[in-house]
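We call the chains A, B, C, D, E and F, going by the order they appear; numbering starts again at 1 in every chain.
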């Protein structure tokens, strides 16, 4: 199993979600992160200017079976790419095991919907 | 004032106590003083009424700011707040310098005079400065409405310019027609817009609609045939805004009587207070009910808009409709609103983030026409024929034409010069950071 | 009105200037006009006062909405806001159609008449529509209080129904006893509840308490013997709500004088303003101090409740207690509140999310009884014996009995029909999504 | 009151109807009754005006709470809200018990008398309790201002103590000089501070400045030469606070007339309303423009401060400057504010989280001096020489000296006893948890 | 060392926390995530209905020594299980090293409280 | 590649950011987490006292090339250490791959700025 961590633009989230659904990735988690990077923005607060590059991003975390990793990555790239600086990154992290809390099932089976994919 | 009165008291005390000295003349002069004092009291009570109403209407600026901020995304909150703050600031100055003269200056049917406010322009039963203040808070409302329809994508510098133009010129001109002695107020059956369903709300709605069309929809709003919801970031703030607006309307409508003294005025402002409240309540209820039926769930965002629809609609006729009439107008406004929101968004594919064109434009127009039906003194439903309805129709159409065309010209010039819409990147990342260098939430 | 006055002025001018023509008759008729005008001014000033007080009391709806939203969880915020919006909307209509007649209609000791509002039902020193508005904003307050006690788990459709029933029937009936000429107002020493500690607040508190009991606690509130805190999601909003309520109370109490003209009324409303403020301040201070002592830290959530406790408690006697009496009542209310919160939650294991039963029910009852002690004209502490205290006791108990039993019947019927409580899953995931299809924050 | 009037009406009706009975005597006595009634109406209208203004000024407490909460970090929000709540609560009681007597009691030039409020201390054209309320809401404002400058690091127990001392003693003493018949009001050309640019705002600003210096900057504010921005957590709330303050100022300034009846008063309050609004608008615009020029982007946080600067500055002279003068004062105040913010923060390295010293202290002083320039009846620019300017200067300097030294002594004692500043860890993790055991957001 | 990532219902958080404390897991981090999945909810905003399945969840992240992984998983399952759809998942991810910032200690020792467990 | 997860005090964030920039770590993500631990705080809500140890922390997530891991850890420790309880922890997690969404580049190159470091 792999954990796919994709850091994308907030505005691309809906498209990425749809792209993932198309390749049958139906379950994932996401949350807001801020990225620090080089595309600095000058900000002012009550007359104090401060340089910052905090950019709001969404981090999508998907645990997939090994065989699905590449198609997941491809789907994300396709949907999230604009070609301009700030498109974000994808990281692939090894996962040792997965457990479905509801049933206690472990391993690959915990990742997919038994009824559907068999 | 107390001293003056002391004099009368002493005078009249002397009259009654020192019996022999009582002459008809001394009584007559005491009576004159008393009568003058009564005159001053009438003047004072009316002034107090109008000033407190002005304070309530001023507070509507906060209501609009919160409604617009709550119903849009957090990345544009600083921008929305800024707009609502500065349109009132610039509007106050612009109306003082230019707008007031245009609206209430020397009367020709189409436009007043281009002079800064001065004492002589207007006179009536309250100090002219009190009248100026009351009119100022009204003028700023029209500009504020526009900012809602054009939210989340308009260049800030453009906004500053057009909000000044609206308060200084566009609003005062049509305002002159209606309230400044202009042509609409001299129709055979004068156009009746008591507190501004058309003069303020519809006008703002139409200009906003023009702006929304010329800007185009926000990125991601329409995708092919699909209409995407872009939910507001904070409905608590939005709901508070609506409560504040409702409160402010108790200044907006009853204050427009511009007087409170005398039985007739006291009864009138009480009645206006009641019709305003009943229409708001009815608009809330019908929007709730219809949203429940139509979408299966009672939706807060729609119900809040229904409240505003009821308030906007009753504004034109709050003085002449009965309590029951107000309920009817409110109920219809809440229903009309929902269809209007759908029509503008789904059929015409116009993106009006807070629904300003529907809430203020459409229901404002409806409410103005409703005067021709529900007015107890001129309305069709009370057997007075279609004369009034026709006048109302003329007023609604001419102000709409004015708002749409003046808006078009204004936005067209801005588009060709400073630019109306922000860059794609700015819109995506939020106007707050790129246009203001600040985030609302940290 | 100006025209009328012009006539007098001309008349009295002529009297004083054209010396010879002065006749006793012409003076007498000028004097009549002047006197009539004074009468109208008194009427007008009282109307202005009541209308502005109504606007302030209306704004309390926003205060309640914010307090309740702030003190509950964000997943139920849309639901809470919706309830506070629609209870006022439905309440306004229901009170117009039914409630007003029941409360102020043809007098029999227990109930008024079942007729929609009309001009003839009530008459007094202000327009009857002004009186209706003032009573409407009061009626809606009672229903709003209930929504706090039953927050975060009540079916929305049930809420709509019972809020209508409360505004239309339950509140007007006990209101009739107290303010509509009913039996409590005709006791030997009439029951004294100046602005509604019992008529409005206690009643709301008792109905809310009944509702909270019949609903049962929120999931996770009590775990075995342990009481879990379920902190509100936004104390900023909650605190703003309390400030708004405090402001609104300056309409609630002084406005209940229903008149401002004449030295006696002017002094009375000033005094009421002062006692209201002192009690609020004292309630804040004593709740702060006791929470600090009891829990080691000064708690904002309790202190805010203390403010409300002071306000609720002084409402019954704000006109008859001295400034010092108001301070005493406020201090005691703040302390009582804290014990009441503990009692209801820890001992009786009743889950009242915003503490409505304590803040409105218990301290409302306490404040009403306190009139029998602290009233400068009838109170025990001023040497007037226990007569008044007894009347107060009768009033408190009978309204409590009414609120608890009417509430029980109402909620029982709802439980057996449409259902009172949402499903476990809906409660867990939040009412906003399941009942309204909307989230407050995005 | 209605009964009294009925008597006159019957009397005067009888006069005019029953022709023969009309005697000079009966007319004279009717006239006396009418005149008395007019006197009571004047008294009543003035009372209504002052009470409603008090309600508006009270609401400023909510405005300050929101501004201060919005402009600081979320980890200290409970603390800020608590301070703003309890300073008004303690202030109300302290001013009732001590402050009012010191400010308005038996006149010696420096201080009044140490007695609790009682009816006899002050008398004028309104009930003394109405006057007490109006003065109470003013007193609490001064203390509130201080809490902003000392936000995010002050020990809560210290805050409670010094807010009581300010409302009970420090503010009333300098207030006595200016408004209580003290030495500043008896200068050859009396010091003119109509509604408290100096008496309230500057004083609060100076005490706050002293506090900010003695506390030292928040951790992380200054790092070597670098000044770090510590952005507020919620500008929506901050902006709402500013709108509420703007609203409240319509009570603060026009209410300070303490009367509304009579043409002169009606004209005066209208004028004050107008100058207040124009200065606020102008302050907003100039702060916007300068922030835009100086920092390249129009900053909301600065613009909001600009609004307040305009309001504070015009407060001293709102009654005597012209509309144009108000615009000038507002524009200058907005500009001055920005330089003052920089000076205090960047040059003096004083950390004033919400800019209270600049907004209230500096622009308050400026506005007071501006009276000597812009007053239409005494100002230099209207050809009246430097006499008034000198008096204004004396007033500004002596109140500043008083605020700085009284503040210094007070904070010094607190520092040596209960401690002024919280521990490093508490400051880092937030005062909410450590001082109050509560978080604002959950 | 292992990283245990458990995505659970918000309403189960307190119980899971207690269960973890019982098995002597005293330190962990958590944050709000939204899950995308199949239990769709219809939402309405100003008359536009939009399908969504965003469900609020809490992600608990615990780094444990290898020997504690299983008992941690068991504790979470016990406390978070309701048996209904939406109970969430647990993922086990390998961790190479841990450092306690306060002391600079590395490895297993950085994870437990020296005084307590020895 | 390694993922460095550092859980630090909120107040130390700016210093850590500066320290990272100094060792040429220019890109990272961060988000708010709450830590559960032993430094309990008593809280009161409307009279109910509840023990809790929820402490607000920032989690910094940095993906670095293997060779940069140690200097990154060192920089964080230096900047975030106060020596008092609650300084937080750093965890090192293996990462298999990284992809730059904008260009689709994979591997180490996705992590650094080509123009700069070559």
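In this text, contacts are C-beta pairs under 8 Å (C-beta built on N, C-alpha and C of every residue); 3 or more make two chains touch, one makes a residue touch a chain.
Predicted model only: the values in this text are computed from it and were never measured.
Among the remaining chains, those touching chain D and also chain E are A, B, C, F. Taken over every residue number at the interface, the positions common to chain B and chain C amount to under half, indicating a different-residue contact.
If you compare C-E with C-F, the chain pair joined by more contacting C-beta pairs is C-F. Centre-to-centre, using mean CA coordinates, chain B is 30 Å away from chain D. Note: centroid distance chain A to chain B, computed from Cα atoms, is 47 Å. In this assembly, the C-alpha centroid of chain A lies 18 Å from the C-alpha centroid of chain F.
Those residues of chain D in touch with two or more other chains are numbered 24, 27, 31, 34, 38, 41, 45, 48, 52, 228, 231-232, 234, 295-297, 299, 301, 436-439. For chain A, the set of residues that touch two or more other chains comprises 31, 42-45, 49, 84, 93-94. Contacts between chains, counted with the stated touch criterion, involve the pairs A-B, A-D, A-E, A-F, B-C, B-D, B-E, C-D, C-E, C-F, D-F, E-F.
Those residues of chain E that touch chain F in the shared complex are 1, 3, 17, 26-31, 61, 63, 93-102, 104, 110, 113.
For chain A in complex with chain F, the residues that touch the partner chain are 2, 6-8, 31-38, 57, 59, 73, 76-77, 80-94.
Of all the residues in chain D, the ones that touch chain A in their complex are 71, 227-232, 291, 294-297, 299, 301-302, 305, 338, 341-342, 345, 355.
Taken together, the chain A residues at the contact with chain B in this complex read 9, 11, 14, 41-45, 49, 55-56, 84.
If you check the complex, the residues on chain A that touch chain D are 42-50.
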